[in-house]
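Each of the two complexes below includes chain A, the first together with chain B, the second together with chain C.
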Partner chain A sequence: MNTTANVYASASPASLFNRIIQNHSPIVIVLVALFLAVFLYGMVTAPNFLTLFNLKTIVRDAALVGIMAIGLTFVTLSGNFFLLSMKETAALSIIAFATAMSAGYGFELSFLFTMLIALAAGVLQGALIGLGGNPIVVTLGAAGLFFGVASWWSENLVVSFRRPHGAEWLGSGSLFGLPNITIAFILISITAEIVLRYSTFGRQVYLIGANRAAGKATGHENFSMAIKTCAIASICSAFVAIAFSAQVSSAHVNYFSSEFGSSGDMTILVIATVMVGGNSIMGGFGSTLRSSLGAVFISTVDNMMVLHGFNSGPRVLAVGLMIVFSIIVFALVRRGSRAQE
Partner chain B sequence: MINLRRAFGFVAAMCIGLGVVLSGAMAQDKKGSIVSFNGPAGEAYIGRFITGIKETAKLKGYDIKVFENQFNQAEQDQQVQQVLAAGQLPDVFIWWPSDATAGLGSLRALHKTGVPVLKINQLPNEQDKKYIFGYAGPDDRLRARNAGYMMREAAAAKKAAGGDGFNVLVLAYPHSYGGYGLSINAFNEAIAGSDLKVIGDVDEGFGQANGYKGAAKLVAKLKDQGIHFVYGMDDAILTGGIKALEEAGFKMGDDVIAVGTVCNGDKQLIEEGKQFGTTLQSPLHEGQLAIKLVEEYLATGKLQNYINFTPNPAVTKETIATTALRGFDGKLYGIEELCSGAWAN
Partner chain C sequence: MQPLLKLSSVSRSFGAIHALRGVDFEIGPGEVMGLVGENGAGKSTLVKVISGFDDGYTGEFLLDGNPIRFSNPGKAEQAGIAIAQQELSLIPTMSVAENIFLAGHNVPTFATKRDLARKARKYLDEVGLGDIYPATGVDRLSVGERHLVEVARLIAHDPRVLILDEPTAALGESDSIRILEMVARLAERGKSIIYVSHRMDEIFKITDRITVLRDGESQEPKKASELDVNSLVELMLGRELKNMFPERPAVIERPKPLVGVKDLWPDGLLEPVSFDIYPGEILGLAGQLGSGSGEILAAIGGAQRTRDGKLAYQGREFLPANPQEAIANGIGYCSEDRKHDGLFLGRPIRENLTSPALGAVSSFGWMSRLAERTMARGIATKYTIDVSRLGAEAGVLSGGNQQKVALGKWLSIEPKIILVNEPTRGVDVGARAEIYRKLRDLADDGAAIVVASTDIQEISNLPDRVITFYRGMQIGEIGLNDMTAAAILKQITDPFDETNL
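Up next, the complex of A and B:
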């Protein structure tokens, strides 16, 4: 799996170039070169793009979607496709958190309460998927259930809590000039990657995702894996919901429906991030680091286009093109490496 | 697959038909019946609108049935066809299209039945005005103009105090949205001739998260030029924008003066002085106005005014506690009840 990466890491620039030429088909090289040329041109010509302030803006912009994408990556890598209930889990979580905060329970208790709800939501979906339910159908149903409960609970109203409150440090605070949400994104990215690469659980994720039959034969059932990965994804959704609610001191069930970015729907954007990162939709190949970089990459392109004065239409188009481009390039790259094997 | 879809459509039509027949039978002792086509109650503004029409209709003795769509004109078109297929027509249709241009066919179909149609929230255009008996809703231009006047007032006060710097950021609706053109033109007209100068405009999308994201990028682009004022086309977008400006180190109310509209953001920002002002736009009042117009039309066969706007007065820190509006149900409503967003504490 990491053979190609290890070869590139130990190579000198000249031999690296030669190996790239040898290992990849001309169409992949042309596509990537073309894309890099457009990207670099955009970077250099965008006003104030290469400033520290703007680079911090890019990572901060990627943070919330990136954290959700990291959670979803565990599900995808384990071969359970996607959770189509990411934004609804976030909607339920944000209502739970804001309701607890507005009732005066304080940050710690509200956080714990929200995480327990998210954990239950993840375990429920994971159990149904692990029992053989189709992930698409199960999570579509769960999405309706969670959104319905959140709507009913909040009576479709905005739930607000007054400042100052104990969650402000997470929503609006910063450390060494970096927003705390950005720091959380970086820490979660590192932790998730370490867990995936170096823990037994991480190896099981890859094993079951790559070959479920082999996993079963070695005693690793998808039932517990589906529960664990769905729980991780739900907890990541809940964390994002808490961070966003802490920032705006309020909650509404629709905060994650159409409000996140010009590409609209939060779930779609999160799935797009996982795809742009080059993770295999069938499982077994990819990493959370890829998803984190995918989030930063989408944010970078969007940022660059705003600096160039593009309005929302072309930016949505750009995200769509990036997904198509990533799928084509990564499919070609993997086909090439399989042919070499 | 096609047969399955047909069967599903048939069952859906039967269910809706049964609902309309039953509600028609139950409505015999009522003054009349109304069918409203609008967006989802899950959206805060529309949710308050639906509360307004339902409560006022009940108070006035009308039976009302509400069909919600998820901001999807095709879904609304299907609902229209199903209601018409059921054959039990109401006395009035209330029509809040998701996309007025795309929904013109549905409006024509409603009009063909002979049942009068009242259009909501989106100003009539040349194509649809002949199919409706009137309009009830906000005035995008008036609220943007009032925001412009508030900003002029704030700029004049700043200048009088010896301050300088009058660059304005605009946190806009998507440029493809009809309200954008009306809002930006009215705002620009209102600030014309003043020291204020628009230096940037971003249309990330609706809501707080998009307001934050759009503003963060625009601030990165224009920080060096100096940012002194910010206009949010609605308060939800502006609330996110204020967070981005604060994170960028600006002190709201001192370094940057923010003005919004629609009162769908965060009341506390105005109370804290971080937002200079907004304009009142009440979905509850919009719903009440719709039923008032239905009653007027059914009683007289015409409306006194074809276009009926909800009031959009300016609201600032000084007037926030005293702003109130008498509803068409006779009750006096305070600002927390009138506004959507984080206003009710």
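Up next, the complex of A and C:
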């Protein structure tokens, strides 16, 4: 993949086309062409799609899912699969934040308090996974735990805090015409990508993800890696929870289950985003940038379908199709590579 | 007497490698034919041809005097040729009886567990497992018993030729004896058995004739009674490959050991071992599969559970708890399986080469592109890895070049000790010589190299000193002057004179 990417970078448009024809199987080309055709058709025919306002909306819609997906990407790239507790971590965090805000602790203290809880949640899951626990089992268990604690704590009620409050700038503020949450999404995307590419930690993520046994043999233990990546994912969840709560000045444990996004389930949507970006489920290949773009992509398709007047059923279906589609295409593209061996 | 099975001038090539070159092989009814040869001599290729796993050969294959060619293992099985491989094909969660009737023409359509158990009894008796209840789960049997169940499964199809591919390689003494008894019993009942083994004592105990393979060529089969261990070894090894191995220094100064291994007792060994490792030498640990030599390397490298033991090293006594600690102390360990834990196949070669030493190519947690490239290029140049391909995935390299990367990555930590298990497994002849040369260079630079190998040619020609192991026990030490393949082979196959010759 690396080598082909380098080849593309140095090619002129005409030879680029030739190389695509040569390097990829006909199935891939047909699939991608078909998809592009549908996509372009939808884009051109959707009313008001190509307006600056709508494009900003798309990125803004992508932001919350995107930030969580960036966090989860670290876990996936390091070969620790997925956290199935993303939305429950967010639920716990949003209750923690709103409770602290409504108790009058102010934004900074509430933020810190929430982040510490999320950090603990991430470290707990990471340690169990790092000790050899199956990520699915561990994070399913953790999901129940976090959700249970959050419901109990909030007594299943909406926790609200009054405007004006110190978190408004994050929820509904904007800078140079861009919502602050969009700016946060862009900054987090860039930072995450830089860390992955240029830090030793990032290198370790890729090495351990590519081959955990070889990682251990060269002195890179998955124990600390699992803790670090799960902590990053949890903190990203908490950040999204805080931003969402700041926007609606309230919190409820079900905010990320039933009333969020087109698919209704934040965890599934986040995992879908990571996969649509073409990150390897087995780890060792991919990037957070792919997840960011995946989020924007899903949000674009969703937006287009809303403009065309589809209701939520077909839109959920579309997300599902996109996952299947991207898995097939990326698997075919990478067939020549040995990365999955 | 007409041979039951006869192969004449069978050849098989994989690209440029000639695995078999005009091999002749035959076995008569009721005969036990030993098949011996070094690693890479072509034993497994020949076995695959006979059992139908490989039909890409040229040459003649006669069964009962009629020419035949098996396109797949199922055809061979129908013709009465069954093979018990080193890796068992039993399903551990099912019972013994269920495994015996897992597949084949004799599987009853409907059967209660009791029916199956009754039917399985007969075959279990035949292989000497009369004391095992057929409803027992396979996962509760010992490894040796599993081998016997595997054979029982094959016998249930009433084969005429039974191939046993190193059945005792992973077994202890008592289990091995059961296998040998079974072979004798089956031969008595008229089955032909091809017995592939590295163990000299067994070969002489149970075979009628022995066919020796060497570099893909077969020798005339000899009666076991006409051979002894020495003449058989000579047949196996032939002439020494002179240019393959770097010259060994006549004398190595050994003023003070670099490492004292003290009462090291890794899992898999019968008793603790102690020995010294000197700087500037290549120390060989010789032993067959299951001898424990590989476990010792892994234990020193922090990659193996260890009951007890310490390293006296750099003025301290300790044992690395994990590879991380070993690396911090300048110890690099290459396991025998580079694809499992020696390489990051999907990552660029450059990243592979610097992977143990990220600290040396970064500052304050950020990778230095320049430092990394310089280091990778330096190692690649030394190890004749194509410098222009450092950005390519390690997985695209050939076996020999992969091994060079797996080994070369340890240069990045400027190691004091390099431990290599099976340095040339799956490596072609040309790259082999290169790898031996690199190991010698490292030793000349003052590092201590410890090599564990089951390849007798390698272990008798590469090291300056050899310590021998047999079934989890440390047997002896052989210096440069006494280092012959025969001497080593004797100690690693039959140290207690158990062969009745």
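Here is the rule we go by: the second predicted complex is superposed on the first by the 334 of 341 C-alpha atoms of A that agree within 3 Å, B and C clash if a C-alpha of one lies under 4 Å from a C-alpha of the other, contacts with A are read in each partner's own complex, and residues count from 1 in each chain.
Everything below uses one rule, namely that a contact is a pair of C-beta atoms (placed from the backbone, for glycine too) under 8 Å apart; a residue touches a chain by one contact, two chains touch by 3 or more.
Model, not experiment: these values are computed from the prediction.
Once chain A of one complex is fitted onto chain A of the other, the partner contacts of A:57 are limited to chain B, with no touch recorded for chain C.
Between chain B and chain C, B contacts the larger number of chain A residues. When the two structures are aligned on the shared chain, A:313 is found in touch with chain B, with no touch to chain C. By the document's definition of touching, of the two partners only chain C reaches A:203; chain B does not. By the touch criterion defined above, A:252 reaches chain B but does not reach chain C. With both structures placed on the common chain, the touch criterion links A:284 to chain C but leaves chain B unconnected. Within the superposed three-chain model, A:47 lies in touch with chain B and out of touch with chain C [touch as defined at top].
Look at A:219: by the touch rule set out above, it reaches chain C but stays clear of chain B. Overlap of the chain B and chain C contact sets on chain A: empty, with no shared residue. Looking at the complex, you find that chain C touches chain A at residues 303, 322-324, 327-328, 333, 335, 339-348, 351, 355-356, 358-359, 362, 365-367, 391-393, 395-396, 409. Residues 47-48, 51, 53-54, 57, 60-61, 64, 147, 151, 156-158, 160, 162-163, 172, 174, 179, 244, 247-250, 252-255, 257-262, 264, 302-303, 306-307, 311-313 of chain A touch chain B in their complex.
On the side of chain A, the complex with chain C involves touching residues 2-3, 6, 198-204, 206-207, 210-211, 213-221, 284-285, 337-341.
Chain B meets chain A in the complex at residues 41-44, 47, 71, 174-176, 202-210, 212-214, 216-221, 223-224, 239-240, 243, 246-248, 266, 268, 272, 340-345.
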